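These are the structures, in structure tokens.
Common to both upcoming complexes is subunit A, partnered first by subunit B, then by subunit C.
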Partner chain A sequence: MKTLKIFAVALAATVLISSCGDSGQSNNKKSNSGALNNSSAAEAVYVAPGEHDEFYEFFSGGFSGQVSVVGLPSGRLFRRIPVFSVDAEKGYGFDEESKAMLQTSHGFVPWDDSHHPKLSQTNGEIDGRWLFINGNNTPRLARIDLTTFETAEILEIPNSAGNHSSPYLTMNTEYLVAGTRFSVPIPQKDVSINTYKENFHGALSFISVDPEHGDMDIAFQIVMPGFDYDLASSGKGPSHGWTFFTTYNTEKGNTMKEATASQNDKDFIAAINWKKAEEYVAAGKFEEWDCSYAHNKVDEKTHIASTEMRNKVKVLKAADCPGMIYFLPTPKSPHGVDVNTTGEYIIGCGKLNADLTVHSFEKMLAAIAAEDYETIVDGIPVLKYESVVDGVVKSGGLGPLHTEFDGRGNAYTSFFISSEVVKWKLGTYEVLDRVPCYYSIGHLSIPGGGSMKPWGKYLVAMNKITKDRYLPTGPELAHSAQLFDISGDKMKLLLDFPTDGEPHYAQGCPAELIKPNSKKFFKLSENEHPYAIMSEEDARVERDGNQVHVYMSCIRSHFAPDNIEGIKVGDQVYFHVTNLEQDWDTPHGFAMMGANTSELLIMPGVTKTLYWEPKEEGVIPFYCTDFCSALHQEMQGYARVSAKGSSTELKWWLGED
Partner chain B sequence: MKLRIPAFIIVLLSAFVLFSCGGETDEATDDQIEESFEVYTPKAEIGPEGIGPIKEAMILGPIDNALAIQGDTIFTNLCTSCHKMEKRHVGPALNGVLERHSPAWIMNMILNPEQMVKEDPVAKELFAEYLSPMANQNLTEDEARAVLEYFRKFAEENPTK
Partner chain C sequence: MKPLARAYVLIASILLIGIFVQPLWYIALDAPQYPDGIEMYIWVNKITGQDESTLQNINILNHYIGMQKIEPDSIPELKIFPYVGVFLILFGLFVWWKKQPKLLYVYGFLMLILAVLGIFDFWLWEYDYGHNLDPHAAIKVDGMVYQPPLLGAKWLLNFKAVSYPHIGGICLATSCFLLIWGMVHQKWAKTSY
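And then the complex of A and B:
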């Protein structure tokens, strides 16, 4: 019976997919594929062979820990950038050069949960230089260089526990923020969990960004009451200098939060005046606390990552710093907080509510000036709700999560529970349009979203539930994104496409901001890796005790040397392989049979190192793994392994000379 | 090579979507598809200069020793993985190369190898013989000129029969 039903559904779905626009219009039941007209939707997302997409869109990978690079409107995946998780395909976290990127105060952590990609901004506009993203589980922030599309830097955040409200950078990328989702004892100590109310606090960190090189540094941390800090948004224009964080669990519950954290009618949006915080830091109002955190960075000349452990951080306490923090009451466990493009409105999405709450920045300043306080919580003034709220959007939807803007005075809010996007007007708060999502939308993204200049042509819905949208792949399914055309009055569904991991956010920009700067290869003459060789003439093998260093080169299609003898069981062998190619799209791979690590994937002009401990005597092959030319299958060699203590001479060669 | 596979799949999928629709829109979309492919048209006759940034025959003066020394270094670092002077390696032996090709052709082969092996009849034959593509090592025109001078100097010092 059940099989029959499934078959019927599958049949209906097939008819639906293979039918064309006109038949879809004639039968409303079939139009629940969402697209108005299949052939015109197909045309709108069709990027002809050899043509390029109009936008780059960077999706977080969620529990994959990575970032994926997708083109819009096609939805095509171009690259998965490894960030917080090892990636054997690229040798990330496996080769000797990149291992340090995943070092933390807890040692090597090979995975994280990446959440919110944010592109760097200048004057409130996306500048296409860097992409920042937070790691939620072991609190970290990463910087991706958009000339190489590689992770260049990872900074651990101390005193945090779940780096969720992050990076939400300021309009000139002065700061990235990092608010903790979990409050914890700061510094950590062994206490009963039931002492939550007295011992637990939340840290909000402000991370400065070097304007020239992008280097991250923790400028200061603010110790806050023991709430959960969920999401954030930095001010712009008139509200530049402020960052807003949503909170929930203002009840300070420590168990069964599903119920205990939902008692209060209103939680808070915490408004942080970071310019004021800078003044307090300059005036020496901070305490320096001991802690431990890793700062990992790739050297641009050697391409080697190194870790610097740090042990101090500047901490500001609310009680010592009047005028730095205010609370805006916001119903009901707000998730998203989003400052609109002009910086005038602060939109709170109470996720257990039906309505959206819109605060006015101007009214907030007036309420602060008039000391219009409802109460004081842990030394922090709570502004009167009626004094700061500008309007409420009565949408009829359920479970609002996140809002973005089109730059034309319209806002778009995702509703998880009612599974839809609602378009509404700023200032009048009237609902203009709504479209269903398949299924259960989390966040949404308009290219340029979060900045002062969005490109309001497309909207991407990142849906949490996939079910029957694609051919099934067993119990686990790819998460599903949906692309909408928002250029007209009504939103139109254009495309479904699968995504990698679980995107919690995506941010994009016109391809022209990034494409011209994309690097094609690394100049060999600028390679300062200590084991690099500049030509095949320098290829050699050196022994130092039981360490063997192979200075190897590769080019289409051979390794030099490709025959090596004199390696002994128990040696520690390092293959330092330099790719001598100087052209675009000419990587080589290097794999060693039995090595307890991944392959190397070596970009042109770069040196990468594979570590191998031969355990048995024999002759072991190695080969190139990335198809490189008609003679790729010939790109291979042998390493002879002799017994420990044997007298086999160390020698190497390539060809017969 | 690997980049071409997804494009191929997209063409297939797109073709499927478009061709599976009935009605008038078909013809218009067919035309669009055809327009989007580059139609191969044989180029005008290619001369002894080959094809690339060097458009005209080069007139070479006396050998510049300093330039030849620069060329030796560039050749050693970027070319010797595949080329030996006196014997066939991955690519052809290069002593005497100036007896086989014009200076401009050699420069174009260094600077524009992808198009040369596709369109220049002599380079095409060489590619068919050696199979490994001539790598574009992204030399500047000045660097390629220095390598050419090194070939001249080498030939002077090591004359072929």
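And then the complex of A and C:
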């Protein structure tokens, strides 16, 4: 028995030694197969103190609902931007100014599941202006301003459920798209779930983006057959004007979907000619449907978010609009669909498959012209598979999900089940390289992914399973990302790094596109908040019935006023705190003992409001929570609370005895 | 007046226009947590920073050690100096026009006296800001004064203060130098040009 063990160890050692030379060929070796040797990998990701990363990479937070900002190649986390979920640290969703951002037709929804960050594009290239991301659970889209790294706008998507195939914007950011992962009755109604086949439909929404200010608006929705619309990719170059959505559950099952939705040998990629759709809308071929959805936007001058409820949407019915939609048969419940940088190839990843299916846009147009239909489903022509497919990648892996491109004619596909990235050649479909991932990769990202001009230097694998990659932290573990150098023929693993939340997609671009525009502070003189004050002299307290408004300022290292008397039990007290600082990196915090809300975190030049209902008599302290200066600990004050109906005079002061 | 001396007077007068278009002096404060630096410019009629909030930021720093606020509106010199400047330019042109050697000496000495007085006044101002501290300041360091240097660099607690003339100041100095040269030339030069 003992000899056997020694033999096994010797054998394992031989395998390890023999596979060290050929980077990344072996799948069974743990830890850093495919890596450079440790010191050169360390050098490749080392960003010296005080120096900056080459790329910004924006990770979706998945079930955190947020976005995290990471530098590449270091993998360092710089910031977590609150988007769809409340963030007590920043007062997001807690202070009076930001609450409206999370309003929906269902009321205040404090959480969502954010999936696919997409940077705005001009002429098919990342322009560094805005980042868009979808909220999956209560369908929403958000726009993040990349001068402030703050969420500027959130638009709810009506008639949708599970906003997964989104935002996948077009090459000039004309549209964001929002396809539903769940078909539902549209409009919603009380029906038996077993009537799925007749009552359920899927909506694909096209959201226009104002080219100057970025404002989002639902241009039109297309009502589609009751499939699940999984992911999308918009055309570019020759295919500009088309957006492609993967579908599964073309079986229209409504229970035990893991089996019922996996019966058809082929599902579809739905090719939507949105330019044609625009024509139908312009020709008045739409119906206007009643619905209810929230549009939330931050005013740039007041920094206050407000909600506007909208109640109409233009709807196109797929079957009534010939020439607008075609189905491309694609094997085995395709998940990702990705159009390559030239706009010619449409890659479908049948997630229960070993192979990738590559359709040709040119062939698709020819098949449409020749009316080369296999059949018609719910009024939509299904093009013949043989007429549109250009090639199949015999990958040798299993469970392909997503594909990115390096701009040099190579594609990189993630394989969840076989846990690897496979590099292959467009046009010839030969496999060039493969590297294992630790473990079970979902999305992958090359900076500039989805655009016509990616920066094919690094590839980030976002892995779904972590297990033993880091020091254990109990049952719940950080999700793991891995950085690969893809500048050469072979992919080389450089770095493992933990991520925030559960990233799905991530998208990045060179830092130079964003860094020069990053705002250092807000100009106080441009602050139009109705309760802002421009100097300490204007600090005051006003009573209006049982509402008390404190016009407060903060500057290193005091609040004005810092002593307030005359507040009474049962009052509704609003602390409107203006940060008078006008320097880089000088936020102040404001926290009130016992307030049923979070702190305020106030950027220089901005006014934020904390709401407080004092419940008992006493003298209640407040203080600055952001270590601002040498006298930060002294930056505090008191609010005296008197009994209801007492005659305590309303007064306030700073620096007087 | 000899033609060369006369030319110097003209050039000196025109150069003085420089004090109206460029700062006279600048003071820079350097500390690691201010990677962009803090720069203050002293003009003939105003005090500015590298951006519109610099003075506020300097005042915030200074209040911890009890220095007075720098408030350009309350500094009388900034209101008087521009008139002095305009007077000197016009007087110079008058001297150039009149060609009288006596006027050259009057102008030259007046200019030198005013320039020295101006710099002395600046030094006094710096002295006052550096020494006249609020006794209730939060940070008190025994024996420490915060007078920035007139020329060169000096450590003031965690800041390195650097002070040099700016283009306007160099214009003024050059004017003075040309007038001295002009007077010397007028008095002692053997040539007639």
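Here are some notes:
Please note the rule applied: the second predicted complex is superposed on the first by the 622 of 657 C-alpha atoms of A that agree within 3 Å, B and C clash if a C-alpha of one lies under 4 Å from a C-alpha of the other, contacts with A are read in each partner's own complex, and residues count from 1 in each chain.
By definition in this document, contacts are C-beta pairs under 8 Å (C-beta built on N, C-alpha and C of every residue); 3 or more make two chains touch, one makes a residue touch a chain.
Just so you know, these numbers come straight off a predicted model, no measurement behind them.
After alignment on the shared subunit A, the placement of subunit B and subunit C results in a clash.
When the shared chain is aligned, no partner comes close enough to touch A:Ser642: not subunit B, not subunit C. In the superposition on chain A, A:Arg76 contacts subunit B only, with no contact to subunit C.
By the document's definition of touching, neither partner reaches A:Ser114: not subunit B, not subunit C.
When subunit A is checked against subunit B and against subunit C, the one touching more of its residues turns out to be B. Residue contacts after overlaying the shared chain place A:Tyr46 against subunit B, while subunit C stays out of touching range. Applying the stated contact rule after C-alpha superposition, one finds that A:Thr607 touches neither subunit B nor subunit C. Legend: residue contacts after superposition of the two complexes on their common chain; A:Thr104 is shown touching neither subunit B nor subunit C. With both structures placed on the common chain, the touch criterion links A:Gln66 to neither subunit B nor subunit C.
Once the two complexes are laid over each other on the shared chain, residue contacts for A:Ser233 go to neither subunit B nor subunit C. Remark: of the candidate stretches 3-11, 39-47 or 183-191 in subunit C, the one overlapping subunit B after superposition on chain A is 39-47. Across the superposed pair, subunit B and subunit C both touch subunit A at residues 555-556, 581-583, 629-631. Contacts from subunit B toward subunit A in the complex involve residues 1-3, 6-7, 10-11, 14, 17-18, 20-23, 25, 29, 32-33, 36-38, 76-78, 80-82, 89-90, 131-133, 135-138. Interface residues of subunit C, counted against subunit A in their complex, comprise 36, 52-53, 56-57, 60, 64, 138-139. The residues of subunit A lying in touch with subunit B in their complex are 18, 20-22, 38-39, 42-43, 46, 48-51, 76, 521, 524-525, 534-537, 553, 555-558, 560, 580-583, 585-586, 626-627, 629-631, 655. Of all residues in subunit A, those touching subunit C in their complex are 555-556, 581-584, 629-631, 634.
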